[in-house]
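Just below sit the structures, each encoded as structure tokens.
Two complexes come next, and they have one chain in common, chain A, joined by chain B in the first and chain C in the second.
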Partner chain A sequence: MNTAIALLPLPYPEAIVAMGSAVLGFVAGALAPFAVLRGRAMFGDAMSHGTLPGVVLAFLVVGMKDQGMLLAGAALFAIAAAALMIGLERAGRTAPDAAIGVTLSATFALGIVLLTRVGHSGNPEQSGLDAYLFGQAAGMVARDVWIALLLGGFALLAVVVFFRLLRSATFDPQFSAVAGVPTWTIDAASTALLVIAVVLGVRTVGAILMVALLVAPCVAARALTKRLATLVPISGLIGAFSGGAGAVLAGRAELPTGPVVVLLVTGLATAALLFAPRRGVLSRAWRRRTARLSHAEAWHGN
Partner chain B sequence: MNIRQSSSTFSQRGPERTEGHIRGVECPEGGLHDTPALRWDGVEVSYGGKPALYDVSFEIPTGTLSAIVGPNGAGKSTAVKAALGLVPLNRGSVRVLGGQLREHRSRVAYVPQQDLVTKDFPITAIQVVEMGRYPHRGWFRRLTKADDAAVAEAVRRTGITDLVNEPLDELSGGQRQRVFLARALAQRADLLVLDEPFTAVDARTEAALTDLLAELCADGEHTVIAVHHDLRTVAERFDHAALLSGTVVAAGPVHEVLTAAALEQAYGLVLAAREKPREDPSTREYPARDQSERVTSAP
Partner chain C sequence: MATDDLVIILTAGSLATACGLLGPFLVLRRQSLTSDAIGHAVLPGVVGMYLLTGSRSSLLATLGAAAFGLICVLGFDALRRTRLLGTDAAIALTFPALFSLGVLGISKFASGAHIDLDSTIYGEITFAPFRTMAIGGLDVPRPLLTTVLTAVLTLAFVLVLWRPLHALTFDPEFADVTGMRGRLVQRLALVASALVAVTAFDSVGAILVVTFFVVPAAAAHLVSNRLDTMLLVSVGIGWISAIVGQRAAVAYDSSIAGMIGLTAVCCFLLIRLFAPRRGVAWRLVRGRPARARGQPKNTSASA
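On to the complex of A and B.
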């Protein structure tokens, strides 16, 4: 990692920030497709909003901004949010979008209440907690990057090992269930991957905008490939570039990181949707036009 | 007249089979084929407290091209999902190939309804067909030469050789169904369960695919069960049918099942609660075909 940081043409603190944000972007971009392709992007949105009360409560329990503990609190609450949504859907017979809406707003409201209380508490340690709203990559240290590499690497390794199973079950859950993979295990696995992506990304991008870093790289990559085995790394690289470049830009412009990263990644997704060689809007329009012209030619030729 | 058949169906099945009634072929192995491919015993299923199926008992004999028919909301898909463990049973039991599904997973190929497959998924046609080998090879091991051969044969038989590298989401409805059928064939399963395989499929493709399924069953070893909505094709091409409407209205050889009285009961029950159906099948005539004639047409 140190050699990679030394290679970046940036001063050390900035290089750490760029490296860390790129790792987080890659992990989010590569893990999210397993939820996004199943139409569960907003599920991830509610989970990222749900991390906020977890972060503040973890701070209240420990009394200081220990990254590991904040991460654990975020993860715990992301899982709780997921469980709440599934519970509402299954037991409460709520429509998925309604369950997501309720969970998202309720957990986020709790987070804001806690955050405001802590802000008024006079504890000098608390300053900077509000960075979890819109994200702040500045102040990232080498240890944060190591945590991201370790946790993200673990999740990515799981994706590589279980790739065939994940692909089959994401594509055709019923077939996979008959072949012996219960649907709930796939739900649990894709939720776990999403938790890791969200919890790592939320520090940089913030609870509110995290969903863009889950969805946009996948959308861009989908326009560029017809295979999942290429979509996942492409999506990861788009996330990495947006995260790294966005963090550096935001730091220099003194803007919150989240919005800059999100604008960058959305721009890339828009460009991919427009200009993708085979599936892009322009390429499709061009093919339709040539098809129509050759059709007309054949017609008049008769 | 009692045309609702439940447990009485079983007592009828024995003599019919030993007379070689099904497809007019004697079973050379004798007792072996008395094991039905799929059998429901007093099955009840409900979705969120609302009953979808109740007191369902019937069986699909081995070696038949069978259809599960009935009006919308009759529980056709639910019946096959219950048999394959995809929805929990409130009561009753199911036997798959004479045992439990978990003992025979690789011998059962399932093609779900198209709207249960993730749309716009990045996958090519050949990758879908290769999935048919996973029940044999598992989720980790590489596919072998034998797997490749099975995939190639399935691709050839379903006529999708030119499409193998196309992304699935760029194929037409008929081409997609060919790909999913190829996956089922590549699995070389003994029991194929297809849920509404011919929706969004043109008539020519449907005829070609039905030929392929009939060919598969002709050896008396393979069984195909299709949830189907077109009663006319069922009457013309299928051996065996189960008519559902919340429960079993009739089950058995096609010409015994698709009678005016049974259809009226099945579709009439729903008519009472719903609006007009798209077409009223009870007013249509179905040729009561001689089963021996059916055998000559199958290769």
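On to the complex of A and C.
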């Protein structure tokens, strides 16, 4: 990693931030497709809002901003949010969208109540905790990048090893159920991947905007390819580019990181939807037009 | 109870009334999350109006917010029609970008101005009693006035369009066959929800919008199959949340919006556990298999 940082034409702190945001962007972009392609895009939204109370609670317990503890708290509450959503859906009569809405309200309201509690506690360390709402890449140090590389690398390794299983569960849940894979293990696995993506990515773009870092790279990659084996790395690369470039841009312009990264990645997704070579909106419109013209020519020729 | 407390409860309560009347339609048609998206997407409208005019008048902010609410709805509809992504992904792609624009606008140009992030995200219902305007020699809190007006207009909307709304929710084909202008009514309902979300954003902040729209309606759906009962129950839960939440916030010196949200969620969970027939506890006692009843009706309502 140190050589990579030395190679970047940036001063050391900026290079760390760019590197870290790129790693987080890659992890989020590569892990999210397994959830997004199953119609669980907004699942990630509720989970990222769910990290807020976890972070604040971890701070209340430890009394200082220890990065590892905050991550653990965030992960615990993201899992709890996922469990609440799945539980509400399974209990019947609550549709997935309503379950997501209820979870979103519960976690965010709890997070705000806890934040006001911390604000009244007078602990001077608490300032900057609300950066978890909008992300703050600027404060990243080398240790954060190592944590991201380790956790993200572990999750990506799991994806490579269980790729065939994850693929059949993503595109054909019935088949994998018939083939003898218990559906709950797949559910748990794809939820765990989403938890890692969310907990790490929240650092760059913040809880409110996290859903864009999950969904937009996947949408862009989907417009470019149909094969999951190429979609996952492309999605990761788009996430990495947006994270790295967005963090550097935001730092230079003295803007908050999260919104800049989100606008960049949404712009890329929109461009991919419009200009993708075969499945893009423009190329499809062009094909329809040429098809109509050749049809008309053939008609007049007769 | 001081007058300020009463103003806050009445403001939250009338907002809960407007949302409670429209929420069940969103929940039954599986469009709950559009309220969340609109609640976030209006931010650049509010900020932009402030930057353009330099004043934070409620009317201009509402106009700007309404414009961006519309952009959001049209945007995700256009994305969805490319067939390259699902409805939920289309929503998830649209509103964070719009929200980002708003945050950038605030941080770059309006820092230190009247609109700061805290009051737009956390809800400035705390300040509702202090934003007054003079009417006939009386100082009336403006948020209270707008939310009461919104509640009355929403009630009128639902009453006038009751039959087509009802038919559209439970039996869209019947609504089409009998010439009830299904698509028009459906669009009107979405526009009405967007307008309520905009007023809500202006008077209590973004987070309570999704709470008031979705949580009481989802709870009411557990109690009743009838649309009119659902509306009454969800409005009732909204008022309970407003009153209990405000009292709790005062008692524990905490965020009012946060406490109202938590109360609403507690109501939902209590009903989920103890509702007659459909509650988890009830089913445990009666030993009925988890999905034996109620499920067919649920699927027909969502068609």
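Assume the second predicted complex is superposed on the first by the 300 of 302 C-alpha atoms of A that agree within 3 Å, B and C clash if a C-alpha of one lies under 4 Å from a C-alpha of the other, contacts with A are read in each partner's own complex, and residues count from 1 in each chain.
The rule we apply is simple: contacts are C-beta pairs under 8 Å (C-beta built on N, C-alpha and C of every residue); 3 or more make two chains touch, one makes a residue touch a chain.
This structure is a prediction, so every number in the text was calculated from the model and none was measured.
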{"item": "Partner chain in contact with A:82 - chain B first, chain C second, else both or neither", "value": "neither"}
{"item": "Touching partner for A:19 - first (chain B), second (chain C), both, neither", "value": "neither"}
{"item": "Touching partner for A:177 - first (chain B), second (chain C), both, neither", "value": "first"}
{"item": "Contact breadth on chain A, by residue count: chain C or chain B", "value": "C"}
{"item": "Touching partner for A:104 - first (chain B), second (chain C), both, neither", "value": "second"}
{"item": "Touching partner for A:228 - first (chain B), second (chain C), both, neither", "value": "first"}
{"item": "Touched partner set for A:134, first chain B, second chain C, both or neither", "value": "second"}
{"item": "Chain B versus chain C as contact partner of A:93, first or second or both or neither", "value": "both"}
{"item": "Partner chain in contact with A:269 - chain B first, chain C second, else both or neither", "value": "second"}
{"item": "Touching partner for A:164 - first (chain B), second (chain C), both, neither", "value": "first"}
{"item": "Footprint overlap on chain A, where chain B in one structure and chain C in the other make contact", "value": "39, 93, 222"}
{"item": "Chain C residues touching chain A - in the complex, by the definition given at the top", "value": "27, 30-33, 35-36, 40, 79, 82, 84-86, 88-89, 91-93, 96-97, 99-101, 103-104, 107-108, 117, 121-122, 207, 210-211, 213-215, 217-218, 221-222, 253-255, 257-262, 264-265, 268, 272, 278, 280, 290-291, 294-295, 298, 302"}
{"item": "Chain C-facing residues of chain A, complex", "value": "36, 39-42, 44-45, 88, 90-102, 104-106, 108-113, 115-117, 120, 133-134, 208-209, 211-212, 214-216, 218-219, 222-223, 255-256, 258-260, 262-263, 266, 269, 273, 279, 281"}
{"item": "Chain A partner contacts - residues on chain B that touch it in the complex", "value": "48, 81, 84-86, 101-102, 105-106, 108, 110-112, 116-118, 120-124, 127-128, 131, 134-135, 139-140, 167, 183"}
{"item": "Chain B-facing residues of chain A, complex", "value": "37-39, 93, 161-162, 164-165, 167-168, 170-175, 177-181, 222, 225-228, 230-231"}
